[in-house]
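Order as written gives the chain letters A, B, C and D; numbering starts at 1 within each chain.
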Amino acid sequence: MRGSGERSATYGTGRLEAFSDGVIAVAITLLVLDLKVPQPDDGGSLAGQLARMWPNILAYIISFLAIGIMWLNHHAALRRLRAVDHAVLVVNLLLLLCIVTLPFSTSLFSTYLTDPDGGHLAAVVYAGSFLVTSLMFLALQWLIIVRRRHLLHEPLAAASQRTVLLRGVIAAPVYLLAALLGLVTPYLTLAVCILLGLFYLLPLRRRGS
Amino acid sequence: MRGSGERSATYGTGRLEAFSDGVIAVAITLLVLDLKVPQPDDGGSLAGQLARMWPNILAYIISFLAIGIMWLNHHAALRRLRAVDHAVLVVNLLLLLCIVTLPFSTSLFSTYLTDPDGGHLAAVVYAGSFLVTSLMFLALQWLIIVRRRHLLHEPLAAASQRTVLLRGVIAAPVYLLAALLGLVTPYLTLAVCILLGLFYLLPLRRRGS
Amino acid sequence: MRGSGERSATYGTGRLEAFSDGVIAVAITLLVLDLKVPQPDDGGSLAGQLARMWPNILAYIISFLAIGIMWLNHHAALRRLRAVDHAVLVVNLLLLLCIVTLPFSTSLFSTYLTDPDGGHLAAVVYAGSFLVTSLMFLALQWLIIVRRRHLLHEPLAAASQRTVLLRGVIAAPVYLLAALLGLVTPYLTLAVCILLGLFYLLPLRRRGS
Amino acid sequence: MRGSGERSATYGTGRLEAFSDGVIAVAITLLVLDLKVPQPDDGGSLAGQLARMWPNILAYIISFLAIGIMWLNHHAALRRLRAVDHAVLVVNLLLLLCIVTLPFSTSLFSTYLTDPDGGHLAAVVYAGSFLVTSLMFLALQWLIIVRRRHLLHEPLAAASQRTVLLRGVIAAPVYLLAALLGLVTPYLTLAVCILLGLFYLLPLRRRGS
């Protein structure tokens, strides 16, 4: 990595990982700011006020797991690389830009979930923000394993490339479905996002290289 | 770690530690957001307003130390590992999910500590959130030293396993007690949590491997 | 780096990079706090309220990319160094001080962009904060490659020094122009900042050492 | 560090540095939350509102530099160590607890600086929080170089110990003076803190090992 020829256009992966870890760690932690402490003078008992926070609590858990899983996948994607170039840095930055907006769309969703007027739109924005993020992640994956094969520790065979990309593609149509179902009712969006989270938490025996 | 066989299912511990450190560092720092500056137009002298913040200050200190001690233990638990697999990553993510909620339950507790109505419930939620977190930490410990022995630098003897797990088990019944005492008065919850914090700060001569 | 003679006055770059990465990661993520969820009782439909947030969304994207690009450049500047001394640490700290204010000036700009009274001043403050930051970055670059040549992995030839500094100088006059155009209309400031962001995202074939 | 005997009671410094860097990076960045964007409906011109923010801007700069300098010194203190034990971890945690409160006391000071009633107390709390933090830092320094000599890369001679501790002691009486002067007028507290910041930024030729 310190060879003078290579150094002119590529960088080691260490600080990219550190910066990405930092941004994702802050974004995932900011989700808790949507859990606002009810104030004593808001009226009603504390038990009732906490019970009415269920959309916030559920949205917090779903988004935390979804961002956490993105971190895992990001982790797995970058460790294939022995070096990064300008294009990888830029696409990674665009991915982080998407991830950092997720606390906003999560808070929007939890605020409007039970609102008969805004609920549909909030659900579409919520699932849509995850859809865009997963597409950007797919772009990063494709860039790394197809277009930057020479930067990998070990280039992947065409079959493995397809497997990795296909696995990354799964999330996009699910989030698209979740967004469309939000037009029917935001609760279906919620259900699909919960199922997707559970699916990823299951032990994946197939989780090959 | 870079052997092709092993690489298919396990990861190095570096980025997991970095990400966990980041999340815990942000969560512990967000505790300060519960110390809200009294505004000049709130009425009363500044001295009186600051004096009325004692529940916030006390809860800040207790939670800071409790999360800090969790970080120390997390640190000690992960350094036994030479690699992590999907299960460790997922359980660690669930542990982080619990830790990130602690600024919320801390703020809830400090807001309602002196409230005759909400105080009991707030104390139960506060101690309960630490109880759940400590159980999740125990699950991670058990997973690491019992179920993932092959990922350790040095597998532990059965006796050492018991010692480590027993030490981790201590916190759970104390937090359960603190939660139950909250039904009597939130001040007992506070007292138990202070004592637990002091206990952990003491030099532990027994602190073996 | 561990030689006793050198250790007295210089430091390794590891923790400086880690601290800078942390500060920049938090600052870039705090930008999302300017995307405030409209409340159901604010009046108007959610669609209308989200549509009125376009200045916030646009300012979020521009500032995110601008700070991200600064991180890339910071990354590139520090990796030339094999050690840092007090002066580098201090100038780097002043640079971080500037970067951390950018979420404030971003939020100020998005709040006043469509305001006929405050818009001009907010645009000048916005572009001005980036101008000062880019000048401080230039000072760090100059310090590193000209004044601290003995701390570099490989000292740069005079021609390379000029190239690196010239590239860093580009941003300053553009931000000065953006600030001056803000006196005409804040929308021109916005346009210049968008163009500058796009320029940096383009693949730079010339991006030599 | 991986020797089985040593591993039982001490830890490497890597994660302690990473966690401390993370906490300090978040705390220093949270200072910007005290720069609140004036709202268009607050009344008065934007220029006038920004001008009235001078205490916030000044307090932001002073506290940013003070925390940044603490980070530099923390950095220098920890790199003497080849390993840490329970006591170092605990005292370091208490130091971080102090540092994380500084955004609160900074915000308190900037809010009340121009307030004839609360200004004195706010100045005392502000300088007092830095006083306590610098005393805790001194305790960490003393613990490291005097009581944990066996954990150092190279034990310091008694004369060097005295030099290092004396240098660390300087800050405490200055902050005590700043606190006492706050009883006269908060502006003197401000002046002393500015001078102390400038003093630390000067190139220190004497800055030996």
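Keep this in mind: a residue touches a chain if its C-beta (ideal position, glycine included) is under 8 Å from a C-beta of that chain, and two chains touch if they have at least 3 such contacts.
Just so we're clear, the structure is a prediction, and the values are computed from it rather than from any experiment.
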Taking each chain's C-alpha mean as its centre, the one farthest from chain C: B
Angle, in degrees to the nearest 5, of the Cα rotation that carries chain A onto chain D: 180
Numbering shared by both copies at the chain D-chain B contact, with half separating same from different: different
Computed distance of Cα centres, chain C from chain B, in Å: 35
Inter-centroid spacing, chain C versus chain A (mean Cα positions, whole Å): 25
In chain C, residues with contacts to at least two other chains: 18, 22, 25-26, 30
Residues of chain B that touch chain A when the two form their complex: 2, 4, 7-9, 11-12, 15-16, 18-19, 22-23, 25-27, 30, 86-87, 89-90, 93, 96-97, 100-101, 103-104, 107-108, 111-112, 115, 117-118, 121-122, 125
Chain D-touching residues of chain B, taken from the complex the two chains share: 17-18, 21-22, 24-26, 28-33, 35, 37, 39-40, 45-47, 50, 60-61, 64-65, 68-69, 71-72, 75-76, 79, 153-154, 201, 203-204, 207-209
